[in-house]
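Listed below are the structures to be examined.
Same chain, two partners: subunit A is paired with subunit B first, then with subunit C.
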Partner chain A sequence: MPTQDEIFKVVQETLEDALGVDDDEVTMDATLQGDLGAESIDFLDILFRLEKGFDIKIPRGELFPENLASADSSFVQDGKVTESGIAQLREKMPHADVDKLAENPAVENIADLFTVRMMVSFLDQKLNG
Partner chain B sequence: MRLEGQVALVTGGSRGIGKGIVEAFVKEGAKVAFVYNSSKDAADAIVSELSASGEVIAIQADVKSKEAAQKAVDEVLEKWERIDILVNNAGVIRDGLLATMDEDDWCTVIDTNLNSVYNFTQSVMRPMMSQRSGRIINMSSVASEMGNQGQTNYAASKGGINGFTKCLAAEVGRRNITVNAIAPGFIETDMTEAVRNAAEGEIKKAIALRRLGKPEDIASTAVFLASPDASYITGQVIEVDGGLTLGGI
Partner chain C sequence: MRWFWIDRFIEFESGSYAKAVKNVSLSEEHMHDHFPGFSVMPSSLMIEGLAQTGGILLGEKNDFKYAVILAKVPKVTFHSWATPGDSLVYTARLLDERDEGGTVECTAHVGERLVAEAEIVFAHLDPSDPTLGAIDQKNFVFSMNLLGILEVGKAGDGAEKL
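The block that comes next holds the complex of A and B.
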């Protein structure tokens, strides 16, 4: 079973290849969109590469849930994620730092949930149970 | 040769425009797999005729089936380990006035012409994305713009292809995949035979160049779009119609 460090190495290489970024940019705290410049099509590419790299199947939406903000009208009010929205995010993205979002739940901060750490933690759980 | 070493998959490749594209691609050095549905004899004849000039295989598949499309793509990947060019060419007509059009005629045209584009394109997304390159060429038609009586189903399928082409081009451009469509006018194929027999003279008068097109006219455009010369063209619907849609009098 791969260690967290080994998983991180593979994630780092995957992101370097998929996003054309340097290895020193891919830190655990880097956000995929804000720091590494990922766009929607990149998430699919990253998913394909991870599946290949780890020889696993990742069901759609499990690692990168889609349409989070538009899922439900009770999710966002006045540009902020509601308490119910935060609860939904905790359920859908158990590996993301939802606590940090809860401190400043502006809707544009949702993108920052997608970090390298979140990916590593997801894969650790997936591979090591 | 402009497509040396490229791997191409062409749907509806045993007849008409598709056959012309298969021939042109082989001539330009591509390895070509083409999909046919029922014309096995025609498909076998093409393979034996072109095998001397290059690598070509025929795959029987119903393009209306997602599963069959994936299987065809997997077969190409198994054999040549990549897919550089996809030509979504398969198409049928079932002309008739909408007021009396059978549901079967509507669905057959939409499934064969439009849903097949979804089936095959989605199946090549993964290999093309990991290759970081790809060319997708969809066969549209000037019928999508012209308002021909009796072609609601066909025009809807081709109009759908035009929208699909533009949206997908925006989605995958970042991965160096281009997506374009060719909209042929009246081309001398089995598909247009009935209309040509009924009104060839009238049709020619409406075409600025005063002649019908040949499959080679479309094939040369497909070669261009698949070649390095067209690497900066994406999301376009290119009318190859001898000036049929100019609309002047």
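The block that comes next holds the complex of A and C.
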């Protein structure tokens, strides 16, 4: 079973290839969109590469849930994620740091849930149970 | 102008690889501006030709159930160029294929000379999606006419058609 460090190395290489970034930019705390410049289509590419790199299947929406804000009208109110929205996120993205979002639940901060650390803990859970 | 950047397929193995030819001609309008006095096939159009080769390979794998669109070119390197009279041979190999899309690795050669190599990611769209109407059809890597090109190049037994 791969260690977190080994998982991180593969994730780092994956992101270097998919996003054309340097290895020193891919830190555990880096956000995929804000720091590494990923766009929506890159998530598909990243998914392909992870599946190949780890020889696993990642069902659609499991690692990168889609349409988070538009899924439910009670999710966002006045530009902020509601408590029920936060609860939904905790359920859908148990591998993400939802606590941090809960501190400042502005809708634009949802993108910051997608970090390198989130990917590593998702894969750790997936590979090591 | 029709948005066809391959002339025909010369080899096609379903779900595995495809080879297509693009004959570069001085009768193509853009060759006179790119560049005056030194005509070379624009590299962007070579990418389009590679994407059409790979996109049809991917589309055919799923019996053209999805609209296949070029989503991203994560890697491309140009080693050389092609001039009028050259036959560019585009080879695309399917690396990955799933419901959401697929990836191909491809090369462009003139004879033995490697002109370009690239990796291309495609996304699948459901053709029955009503929002698709707004998308410019030119961007799709295949259309009924491109399928016609496939017919020309595909020999019934999978052998190269001369």
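Operating definition for what follows: the second predicted complex is superposed on the first by the 129 of 129 C-alpha atoms of A that agree within 3 Å, B and C clash if a C-alpha of one lies under 4 Å from a C-alpha of the other, contacts with A are read in each partner's own complex, and residues count from 1 in each chain.
In this text, contacts are C-beta pairs under 8 Å (C-beta built on N, C-alpha and C of every residue); 3 or more make two chains touch, one makes a residue touch a chain.
Because the structure is a prediction, the values reported are computed rather than measured.
Participant: Looking at the overlay, what does A:42 touch: subunit B (first), subunit C (second), both, or neither?
Facilitator: A:42 contacts both subunit B and subunit C.
Participant: On the A-aligned overlay, A:60 touches which partner chain: subunit B = first, subunit C = second, or both, or neither?
Facilitator: It touches subunit C, and subunit B stays clear.
Participant: Can you list the residues of subunit A that meet both subunit B and subunit C?
Facilitator: After superposing on chain A, subunit A residues 41-42, 44-45, 48, 52 contact both subunit B and subunit C.
Participant: Report the residues of subunit A in contact with subunit B in the complex, numbered from low to high.
Facilitator: 39-42, 44-45, 48-49, 52
Participant: Show which residues of subunit A lie in contact with subunit C when the two form their complex.
Facilitator: On the subunit A side, the touching residues are 17-18, 20, 41-42, 44-45, 47-48, 51-52, 60.
Participant: Across the complex, what residues on subunit C touch subunit A?
Facilitator: Those in contact with subunit A are residues 71-72, 74-75, 96, 98-101, 103, 121, 123.
Participant: Flag every residue of subunit B that touches subunit A in the complex, lowest number first.
Facilitator: 125-126, 129-130, 171-172, 174-175
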